[in-house]
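Heads up, the thing below is written out as structure tokens.
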Amino acid sequence: MPGNTFGTLFRITTAGESHGPGNVVIIDGVPAGIELSVDDLQPDLDRRRPGQSKVTTQRKEADEPEILSGVFEGRTTGTSIAILIRNEDQRSKDYADIKDKYRPGHADYTFDAKYGFRDYRGGGRSSARETNVRVAAGAVAKKLLRQWHGVSIVGYVKQIGHLAADIPSPEKVTLEQVESNIVRCPDAEVAEQMVELIEQMRTEMDSVGGIAEVVASGVPAGWGEPVFDKLKADLGKAMFTLPAVMGVEYGAGFGVATARGSANNDLFTTLDGRITTRSNRHGGMLGGISSGLPVVIRCAIKPTSSIPREQETVTSRGEPTTISTKGRHDPCLLPRFVPMAEAMVAIVLADHCLRQNAMTRANPS
Amino acid sequence: MPGNTFGTLFRITTAGESHGPGNVVIIDGVPAGIELSVDDLQPDLDRRRPGQSKVTTQRKEADEPEILSGVFEGRTTGTSIAILIRNEDQRSKDYADIKDKYRPGHADYTFDAKYGFRDYRGGGRSSARETNVRVAAGAVAKKLLRQWHGVSIVGYVKQIGHLAADIPSPEKVTLEQVESNIVRCPDAEVAEQMVELIEQMRTEMDSVGGIAEVVASGVPAGWGEPVFDKLKADLGKAMFTLPAVMGVEYGAGFGVATARGSANNDLFTTLDGRITTRSNRHGGMLGGISSGLPVVIRCAIKPTSSIPREQETVTSRGEPTTISTKGRHDPCLLPRFVPMAEAMVAIVLADHCLRQNAMTRANPS
Amino acid sequence: MPGNTFGTLFRITTAGESHGPGNVVIIDGVPAGIELSVDDLQPDLDRRRPGQSKVTTQRKEADEPEILSGVFEGRTTGTSIAILIRNEDQRSKDYADIKDKYRPGHADYTFDAKYGFRDYRGGGRSSARETNVRVAAGAVAKKLLRQWHGVSIVGYVKQIGHLAADIPSPEKVTLEQVESNIVRCPDAEVAEQMVELIEQMRTEMDSVGGIAEVVASGVPAGWGEPVFDKLKADLGKAMFTLPAVMGVEYGAGFGVATARGSANNDLFTTLDGRITTRSNRHGGMLGGISSGLPVVIRCAIKPTSSIPREQETVTSRGEPTTISTKGRHDPCLLPRFVPMAEAMVAIVLADHCLRQNAMTRANPS
Amino acid sequence: MPGNTFGTLFRITTAGESHGPGNVVIIDGVPAGIELSVDDLQPDLDRRRPGQSKVTTQRKEADEPEILSGVFEGRTTGTSIAILIRNEDQRSKDYADIKDKYRPGHADYTFDAKYGFRDYRGGGRSSARETNVRVAAGAVAKKLLRQWHGVSIVGYVKQIGHLAADIPSPEKVTLEQVESNIVRCPDAEVAEQMVELIEQMRTEMDSVGGIAEVVASGVPAGWGEPVFDKLKADLGKAMFTLPAVMGVEYGAGFGVATARGSANNDLFTTLDGRITTRSNRHGGMLGGISSGLPVVIRCAIKPTSSIPREQETVTSRGEPTTISTKGRHDPCLLPRFVPMAEAMVAIVLADHCLRQNAMTRANPS
């Protein structure tokens, strides 16, 4: 066991369920002296929380964090930081339906197979609700990265269904562009169509998948640890820890399958006296180590499993039955996925920032 | 640092470079009493080694393993198992070319940026040579999985360039089918075209990418640890630790981006009294926990970066120059990638086998 | 960094300071299905809390735990368990004295040297207050050990100053005996003298050290992992993580220095058909693996550093000054140390219980 | 499982048995650029190896290390370093005696209880032979510590039986003093008596225990990670991983049990403008963090379990029998224990050196 800890030096450990008292994260490995308050956490939490716009679930959660430790007089002390987000929307629903039936596409059955029973209220530990404290931890990681190295991390929606955004320069996308519309797609024109598609899904009692992209700019060359903790490996894992992620790629991604080496290789050159490459098909990582170019990573997100249509399934005793997931669900997970993905990218980069720093002699003597 | 260890309970730690004395793996966490000898390791090593066929590099390495510890009278003792594979093909080449020039697509530059200098002989630690001991460790993992749970793991080439194999039932592909041709593609017809394409690449002094697929059958429902060590997350990381992997997906993979929930959900049903699903778009994992269905995972492999054509690059001092990688390289990495991917899947599954076992009460009292 | 996590399979991560909002522990690796409520935690918390008797500090803390996750309908779910204990006695003291002065024997100076600044209120993270959540976690570990293997763990005070208890059979000491007096010494006669000595210390504005012993009975033979995670090594570390511990020994301990092998070896014999030893100088561990005999471990605890006498010291700028620790401190740490030590022993044993279980085949197939 | 890895950033993983092909260590986390060759390893290996003097076992092992990886052109590359030491003295003995009988004081019985069977040749994995690669790794750690921070580590024998050395200033003991006699005791007079005592033990077919002390000078203030990876906790664990260690203490150690706080507190003062303490009863660690004073740690070592006298025991089937350990054993483990203890102290300090470095901003930007 122990699957609730992530990271080596910048390390998070989480707990909490969808309908329990709350979710908590302990962040270990934050250097001392970084200014931190709940105001640093709230903006990303607001981007993740339910009920934020008409394209997301209408469930309401304020997601207000409380910092329980590790911060003194407005600065991190170097000791472990605990952040608690209490659950609010714990309405005493009738869960009889999902208590004994397996929702298609959900972890109900696999949790039962693993643990023998499960907290069925709203998905329990398998609910995406647990990601709220990850987003809080990610905000801390972002601060560290920005302050120590000027790294910035921006995620956005690249595709929903067949609607693909046109993003000529991923590294130039700004947070403002992303937040200018409720689907978080920097291509304003396609964004409008995406909103329509999501509303159509809600009407059709269906859901739709998509692709999100995260770009980390300013990552110095040299981060990532051969051979198992390559940056691509830790980022890849981080993305796959997020609910509904079915695929991850970086740089040219699956496009390399049909490419020739002569066209796929990014040629080295110099720019302003610094070594760089002419193109970035390698997604900012070579041999699993950052190259100094923007790190570009993409995730394929499946359509929400919870749909209000009636679907065939079985009970926990294996008897055939049907289920239609009532309640309030996102017809498309993408808009709220963006801050989750940014957070996990930030956590991995903060970890590798410290790992590389560990091996660099600070004070020659 | 420490990036040379992988796994929690079934854990491997490796060392070694392309042209040093050899590569070594220490496998920790193998239960006592499993029959083991070098004969269990050699078959997969032979599938991975260079020079095995006309479509691979013509470099020669026998890759004969020596078991240094952890096995007594033919059985594992429960203590750590060290396996050493000495390098043979350490011909004293003229490395002047790659010593000071950065090969496009390689880790030369990023290693320099990270460590300040590098073992440039044949790529040093960034060479795929290090995977030979992973394959040896994977053979041990396969034995454990087969013996304790009857799990079988089969990988194969699914696509090279635009040539895509037709694999109607991934879970029915056998090792014999895979090994019946030198590209390791179970679709015999397409396999022939693949061989031709690879030979064409060699003639054109170019290389080509592709997609490999690995299927693990017999994995019981319940493996994988929420929320960070989900089976999909650990498998995803494992695949990205392998050289040249640019993308990973499982089940329906990136295809979910354009799917609707109503079509994407695999509906639960029963078969022979056991709960299962009617389709396997979820790739054998729900909520990151195995569902009992075959685990299906795919990797996108980039075309070999080393090509004999002249390409522009810079020296370590940033001066423009050209480079053409001499030596003997695979025009396509896919055929030799298959056993590497199988090994990493086996190592992850063996780890989660033990992790799940840890939480299951063995001897009620 | 990351020093706030302990354990491999049964793993705790903690956060919290003396005068912050509260302390929290996340316990990862508790098998599903164990009955658990705050009632299981409170008894040991009451044994640890300040203000429990006249021989301890008169500070008041109720130490009431809240279980935030991982328990559903009265049973553990197998997911991570978070427990929060809010601080109550956060009176807004005048900390000016300890803010800039280094208290002798405390971590004020070393925290400053490490982090650049510190939460000086009541010792911040270096306060023994953080152990309250360890005691809560220990109560969970004790339940697991009792339920799966019938293990019982009893600690007590063996010596305070020169007053040494007479404990003829460590493995026969009961919790009732220990709790029958306020110093937690099972030798009733010496216990009375200990109470007097502690009161004398308070009168003399001084403090006194001592030795605590913990006995774990019912540990099956075979727990402990060569060569670094020997049971003695993990227990030894666990004890040294506790504040004020200056020495740890098990079995014959430092007495072996003057012993001969012929007298020190515990001879093997059989009892009721089971292999055992005639004596237990080995403290229940041979080669770092449990032998089936009671595990017996002892800690040397220094006299409380905080004493109300005036002592010479320096300011954080190195200027000479004096300090007398006002406030309410234990003149002897031993009585409250006992539940802390028991908790850490329980946590280590629960971890090794699961580690050994992981390697034992549960369901032959 | 996995108990064969030690350390977080400077991390060693070992494998090997007493009579197998050899022992191997993989050291992960050595920064790039440190000069390293086998000549750096041999001196400490020679201090540990059997057959070095008349007071040790007369078994012969050259213990010549081979560096398999991680060093290129005489310098560490930053990648994992594997070191192999082949076993030489694998004479085909008659092991019938120890195959089925449990040697008192040894791990024969507990290994059988744990694993179901064992490599009985010379103790297999439980033999102290495995420490040779730890000593090699320790030599690497010592180099790092010396080069980055000027830390020096010196261990010596402080007591054998009732013969206690007089060491007025532990921090002034030099390697030369230690190596000036074959028992490694810096008190020349007592050293002679120790030699006599050991020879007497051999004559009497008995063995004797003792106490070793290790002093690390030059450790900067600030190393050690609250609350679980305190320096004292990691050093304590490290010592207990070594065979035959029954007790560990630092600074005033068990002497604190009878001390008063007023006398035990080390008062802060300044020396040459630096904050320090007037005495070092705290053994160089406060709150588990180094204080800048010498780190002083002591281990109690039991008398060798293997003695040539006949002792009662049982067979693996529980039948009463007798055993007399033939072969060549140390009548006292202390002289050869010194380099092992130094190595483990060095490994812990190197780890904490890097851990502290990780959190210190190297390159402000």
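Letters are used for the chains, namely A, B, C and D, taken in the order the chains are written, and counting of residues starts over at 1 for each.
Simple rule for what comes next: a contact is a pair of C-beta atoms (placed from the backbone, for glycine too) under 8 Å apart; a residue touches a chain by one contact, two chains touch by 3 or more.
Computed from a predicted model, the values in this text were never measured in an experiment.
Trainee: By mean C-alpha coordinates, which chain is most distant from subunit C?
Mentor: B
Trainee: Count the touching C-beta pairs: is A-C or B-C ahead?
Mentor: A-C is joined by more C-beta pairs in contact.
Trainee: Between subunit C and subunit D, what distance separates the C-alpha centroids? Give it in angstrom.
Mentor: Measuring from centre to centre gives 26 Å for this pair.
Trainee: Between subunit A and subunit C, what distance separates the C-alpha centroids? Give it in angstrom.
Mentor: So the centroids are 38 Å from each other.
Trainee: When the centre of a chain is set as the mean of its C-alpha atoms, what distance in Å lies between subunit B and subunit C?
Mentor: Spacing between the chain centres: roughly 45 Å.
Trainee: When you check subunit A against every other chain, which residues touch at least two of them?
Mentor: 1-5, 8-9, 14, 29, 32, 78-79, 114, 125, 226, 354-355, 358-359, in rising order.
Trainee: Which bits of subunit D are touching subunit C when the two form their complex?
Mentor: On the subunit D side, the touching residues are 1-6, 8, 14, 102, 104-107, 109-111, 113-115, 125-126, 130, 159-162, 201, 206-211, 220-230, 232-241, 243, 245-262, 264-270, 273-275, 277, 282-283, 285-292, 300-307, 309, 311-314, 318, 320, 355-356, 358-359.
Trainee: Would you mind writing out the residues of subunit D in touch with subunit A in their complex?
Mentor: Those residues of subunit D that touch subunit A are 9, 29, 31-32, 78-79, 148-150, 226, 354-355, 357-363, 365.
Trainee: In the complex, go through subunit B and note every residue touching subunit D.
Mentor: 1-5, 7-9, 11, 13-17, 20-24, 26, 28-29, 32-33, 66-70, 72, 75, 77-82, 84, 114-119, 121, 124-125, 354
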